[in-house]
Amino acid sequence: MHLKTAFASELTWPDYDAAVKSGDTPILIPIGSMEQHGHHMPLHVDVLLPTEFARRVALEIGALVAPPFTYGYKSHQKSGGGNHLPGTTSLDGATLVAALKDVIREFARHGVRKICLVNGHFENSWFIIEGIDLALRELRWDGVTDMKIVVLSYWDFVHKEAIARLYPNGFPGWEIEHGGVLETSLMLALHPHLVQLERAVDVAPASFPPYDVYPVKPEWTPCSGTLSSPKEASVEKGEILLEVCTTGIVNALRTEFG
Amino acid sequence: MHLKTAFASELTWPDYDAAVKSGDTPILIPIGSMEQHGHHMPLHVDVLLPTEFARRVALEIGALVAPPFTYGYKSHQKSGGGNHLPGTTSLDGATLVAALKDVIREFARHGVRKICLVNGHFENSWFIIEGIDLALRELRWDGVTDMKIVVLSYWDFVHKEAIARLYPNGFPGWEIEHGGVLETSLMLALHPHLVQLERAVDVAPASFPPYDVYPVKPEWTPCSGTLSSPKEASVEKGEILLEVCTTGIVNALRTEFG
Amino acid sequence: MHLKTAFASELTWPDYDAAVKSGDTPILIPIGSMEQHGHHMPLHVDVLLPTEFARRVALEIGALVAPPFTYGYKSHQKSGGGNHLPGTTSLDGATLVAALKDVIREFARHGVRKICLVNGHFENSWFIIEGIDLALRELRWDGVTDMKIVVLSYWDFVHKEAIARLYPNGFPGWEIEHGGVLETSLMLALHPHLVQLERAVDVAPASFPPYDVYPVKPEWTPCSGTLSSPKEASVEKGEILLEVCTTGIVNALRTEFG
Amino acid sequence: MHLKTAFASELTWPDYDAAVKSGDTPILIPIGSMEQHGHHMPLHVDVLLPTEFARRVALEIGALVAPPFTYGYKSHQKSGGGNHLPGTTSLDGATLVAALKDVIREFARHGVRKICLVNGHFENSWFIIEGIDLALRELRWDGVTDMKIVVLSYWDFVHKEAIARLYPNGFPGWEIEHGGVLETSLMLALHPHLVQLERAVDVAPASFPPYDVYPVKPEWTPCSGTLSSPKEASVEKGEILLEVCTTGIVNALRTEFG
Amino acid sequence: MHLKTAFASELTWPDYDAAVKSGDTPILIPIGSMEQHGHHMPLHVDVLLPTEFARRVALEIGALVAPPFTYGYKSHQKSGGGNHLPGTTSLDGATLVAALKDVIREFARHGVRKICLVNGHFENSWFIIEGIDLALRELRWDGVTDMKIVVLSYWDFVHKEAIARLYPNGFPGWEIEHGGVLETSLMLALHPHLVQLERAVDVAPASFPPYDVYPVKPEWTPCSGTLSSPKEASVEKGEILLEVCTTGIVNALRTEFG
Amino acid sequence: MHLKTAFASELTWPDYDAAVKSGDTPILIPIGSMEQHGHHMPLHVDVLLPTEFARRVALEIGALVAPPFTYGYKSHQKSGGGNHLPGTTSLDGATLVAALKDVIREFARHGVRKICLVNGHFENSWFIIEGIDLALRELRWDGVTDMKIVVLSYWDFVHKEAIARLYPNGFPGWEIEHGGVLETSLMLALHPHLVQLERAVDVAPASFPPYDVYPVKPEWTPCSGTLSSPKEASVEKGEILLEVCTTGIVNALRTEFG
């Protein structure tokens, strides 16, 4: 069967059923957030980017993309500016865990046996792991023991060569990339009308002590809400990132899902 | 401030903050589901429709639309065909309650005091109510006592006059409208490329006894998954519905949110 | 074995065990609430009525009646006046779900395979469904896959002919029957000493807009707490209702439980 | 105001409201169980007895009795025979805690400030304590800090003099009184038609090692399900118990509730 | 294999694995609390004592001791002085239940089939039972049905002969032994440097009415925080207790674990 | 007051109370795990190390050390070898969150306003954050808004100069330090009798793809269970680490707690 779309939600149920009931078609679930991304980008960057990676990968490997998780775990000061900021709209950890567990269990009921969580929001990571663990536990109780679940964050596929090209003046580290060159370049390449680069604040890379404090100290986060400057972002860098990450994810899923 | 979009997620945080911090701007949250809608419509009808109503209403009244809930409560046999069907991908009740509670609490933290839940999936109704009640309870503990939350399902705004025009041969009742004339007409008017009316199955209106049985008896649901036939659906009916429901919701929110 | 009572709780355990261990004897569980029912009726109408229907049906079909759930989900303004009213004493949704799940699981442990939830409080409906779904899930994990659970609200068995007889001046709809002709007539027929009809307030039928608001607006509920007037209630109407609903439920359970 | 009944559930809401809104009228909540009580007594002994004690006490002190909790925590082998027995139908601990928390919170909303939990099932004890603690915590968050909650099990009011009269041949200890002289005598005094003393099994007092084993060893429980013999039960002993416990509870509540 | 230690946590994983994978080696889990124990003893008496009993028993029967639970359920006024006291640091019931369930499930995953909960804090008792019940339920869903779990509190092994020797002037009852002769003697025998007997307050035995009140009445607890006087404690009594309880537990576990 | 010990659990309640009631004395809570640490180290490395850092820091700054959390979150394959390994005994995320929330709330009740979570198990990190967030939320509802909570993992205080000295042949990265030079050196310096360096397996540094797979692929973890070789560990390196991390934490807490 040749589907016109990568999005499972755009299929009728007979088409969806035909695609997944054998268990061969992987489902890719984008997990995002509603989170501030500086003065120059909108609040749903973390939904748009993993959804687009999932779409591209799905078209390559014959997978389907599930509806994205539009809300995610609380923003961490050192990776997202902090959950005290306006616009950032987050779930408790238990809620994200439960939602992911429920959805995995439902896809398994449909026959799906290969699932990839495509994460776009760093803070989701551990609650995704817990959601998977609890889902696999319950599926095991239901006699389903042949699930294979891959979890990834797209930026982990940016290899050293790409980093050298993208950050000719030195790589500041993923942890402060929030709203910086990586995300901004991807948004410029994919959704330029949603980027207002002229409003970007050219902040120095955020610097944090080796511990966290709660309640957060707002003064630790740059006034922009980003943790580094997006000024060096460009469409070209976005294209490199799209190419590198998509290829990396495609290869990973071909390896794992056969 | 004049915003170019109704979608909160498309704003930068300073623009979002400027819009909501005073508490005057309402937030409309579409609550949908991933649910089979027959042979002729895709799985995310219940997301697309309330999102579009929310968008139209928001533009009228100066509100913002939050990211939609893309998954909802389990499909009920008598209103959605049943949760045993392929494609239908549902949350446990507690998960939906928790997610809604979390999100309401976050919007309140931003300063929002007027929220409207725009429901597109009947089965969500009672878990939305519980989510609101728990959110208001926790907000009360935080000293926030001036929230006003409206909850509605768009079809409840189709008044008798419209029903007479839409169903000249008699109205079968909302309870079996799943995948029928109402939803199909709206989809035809809004997303015609996602409707394959030629694949629609012209089923007789579903008829159920005055009780439910669990596990569901699959034979009670028409083979199409819809509970009535969409054959009489049309773009024109969709336009009527858009007009009637949007106007009704706009008036309701003007009354409540001033 | 011939039991002198329909109430499981009045049996010794050997008698109970003999009745249920084969799985043939259905258990009927009345699910009520403690909720205001106007100036003329007591707070446990929603316990008394389903318990009596369960008792009558049990005697007809050889079933047993479990102890009733004496508290239920929060009263909804449009169907019970609202949960802000004095006397109304409600559970959170999760509590009702858990209690029902636990009890179903226990009856299944005893050998019961046929259960009927006899609901007397509209607001319980969706939490009953969720409780059943979670119970069946856990029972499935325990290898129990032959449960059959019927859920019903007694008023859904009032057929059109009966409505015509009961409401000669036109039927206002179940949704505003709270504390009205239906419940009051049943109480007059069954527990006249608990009805003080002379205190009943002859309110006009409640009228609500097509949406809800939270916190509720107390002024939307008639001052009586009922949503329509009980003035036309009578013992005769109560007898009709008892006959019609009992017969309907008996037939339903004979169909489903064989 | 003089009420004709001790049962809150038999009041109309205006009468209930008048009784409780000032906070002076105590609410007594019977907490029972559905649990086997030997070959000679029915499954709801633990509901009937605390409800009757609550009723008698309420009439003495001008309190109201709330609807009983009809299900309780799991039967413990050493105090109730074990939860593996037929008929015993129990809640998880978390469910009982949640239900009690919800109900206390609701009574507080009505204005009640004096609550007494009248326990009839030993195994409920610690979950009642937890329910109270969580309820008081949430009420504190709501600014309610003047609640006073008494929790008691009626048998704890049987003083030494009464024990000497009731057990002239020596007191075996409360822990093995399950289905024995105490409960049977009370049932004989109150509900003789529900006792079949001729079916009682004259078991030797149960004897357990100083530890528990799970899963329970069924052979540790006497075949009757009772932990001692009810043969010495009598109406007269029941009357003594009624008098002693009622007086004790009345005095306790007068001391605490003033 | 001969292990140099009774503590599982001191083993390497290959040694641990060799010890437990066959299911023959029992695991003993000390369950304690952080709770005030008067002016003369430290806050972790309830951890130290069960851990030492577990160690001694483990060495006798070839078992391993798991890391202790260092926090427990809330102190009860009548058995621990009350949870309002400084230093007492307690878990909600649900937390203790969950932690125990998780840990039992993990040991079962390792192959362990014999577990003994060695309780040192009376208030933990019922939450331990619930944790075991829920763990066994989930293990059953995983097909593990050969677990045997013993739960005990060490003081329950003090037999009548020992009580006569320990309390020559009469036994006040376990319920008010908190911080009294039993615990103090054991601490003197095992950890004398942690006992400051000269600071002990020679309070009269606490006396409580046959009911509880919440919030607790602080004046019911002796000012020392203990419920009886430790003045008669001695190293010799501690040695007797160590001998009696260790022997009792060893015998019990040999009986149950073979 | 001069305390002889850093451990809160070794104090009597009056001494503890005197130390903490003003809110000036910080409480340090070690959060560990029971987790395999290779063939050469015991299962409680993650408890011993943070407890010792907490003790040293507490003595320097006049703080108290709370009882450690002896169990932690599930081992992650890329940082701890995976939760499928023998000996690793983990909690669900929700359990760890709840336990931490409970304990923080209790310390706050005692008057504590400065808390430091001293983490010794990487996988705990996000659940610690969630536990803190939920505790602060509930404390806020209780009117406590002056808490300051620091969370840290001791290894994050190993600065670049120390890394250069410790890893002269190049630093493999913290993520594969599990059971490697860092932890082994610290254990050699502190608890040499618990290290069997001769049994250590000289594995090549573990190498993982940029994604995770569940259920884990056991073959990705080196057979030793460690993710790098501990062969270069030494007492001297342990002393450097003790000095560097203790100093770093002391300085951090002096900065934050004043």
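All chains are identified by letter, namely A, B, C, D, E and F, in their written order; residue positions are counted from 1 within each chain.
Keep this in mind: contacts are C-beta pairs under 8 Å (C-beta built on N, C-alpha and C of every residue); 3 or more make two chains touch, one makes a residue touch a chain.
Everything quoted here is computed from the prediction, not taken from an experiment.
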item	value
Contact-graph separation of chain B and chain D, given in steps at minimum	1
Between C-E and D-E, the pair with more C-beta contacts	D-E
Chain C and chain D, separation of their C-alpha mean positions in angstrom	26
Rounded Å distance, chain B centre to chain F centre (Cα mean)	47
Intercentroid distance (Cα basis), chain E paired with chain B, Å	54
Two or more partner chains touched - positions in chain B	92, 94, 141
Topology of the chain contact graph, where touching chains are joined (line, ring, star, complete, other)	other
Complete list of chain pairs which touch one another	A-B, A-C, A-E, A-F, B-C, B-D, B-F, C-D, C-E, D-E, D-F, E-F
Chain C contact footprint on chain A (complex, rising order)	138, 141-142
Complex contacts: residues of chain D adjacent to chain F	140-141
Touching residues on chain C, where the partner in the complex is chain B	73-74, 76, 83, 92-94, 97, 123, 125-127, 129-130, 132-134, 136, 147-152, 156-157, 209-215, 248, 252, 255-256
Residue ranges of chain D in contact with chain C within the complex	8-14, 16-17, 20-21, 34, 36-44, 47, 66-71, 85-92, 94-95, 98-99, 102-103, 106-107, 110-111, 194, 196, 199, 225
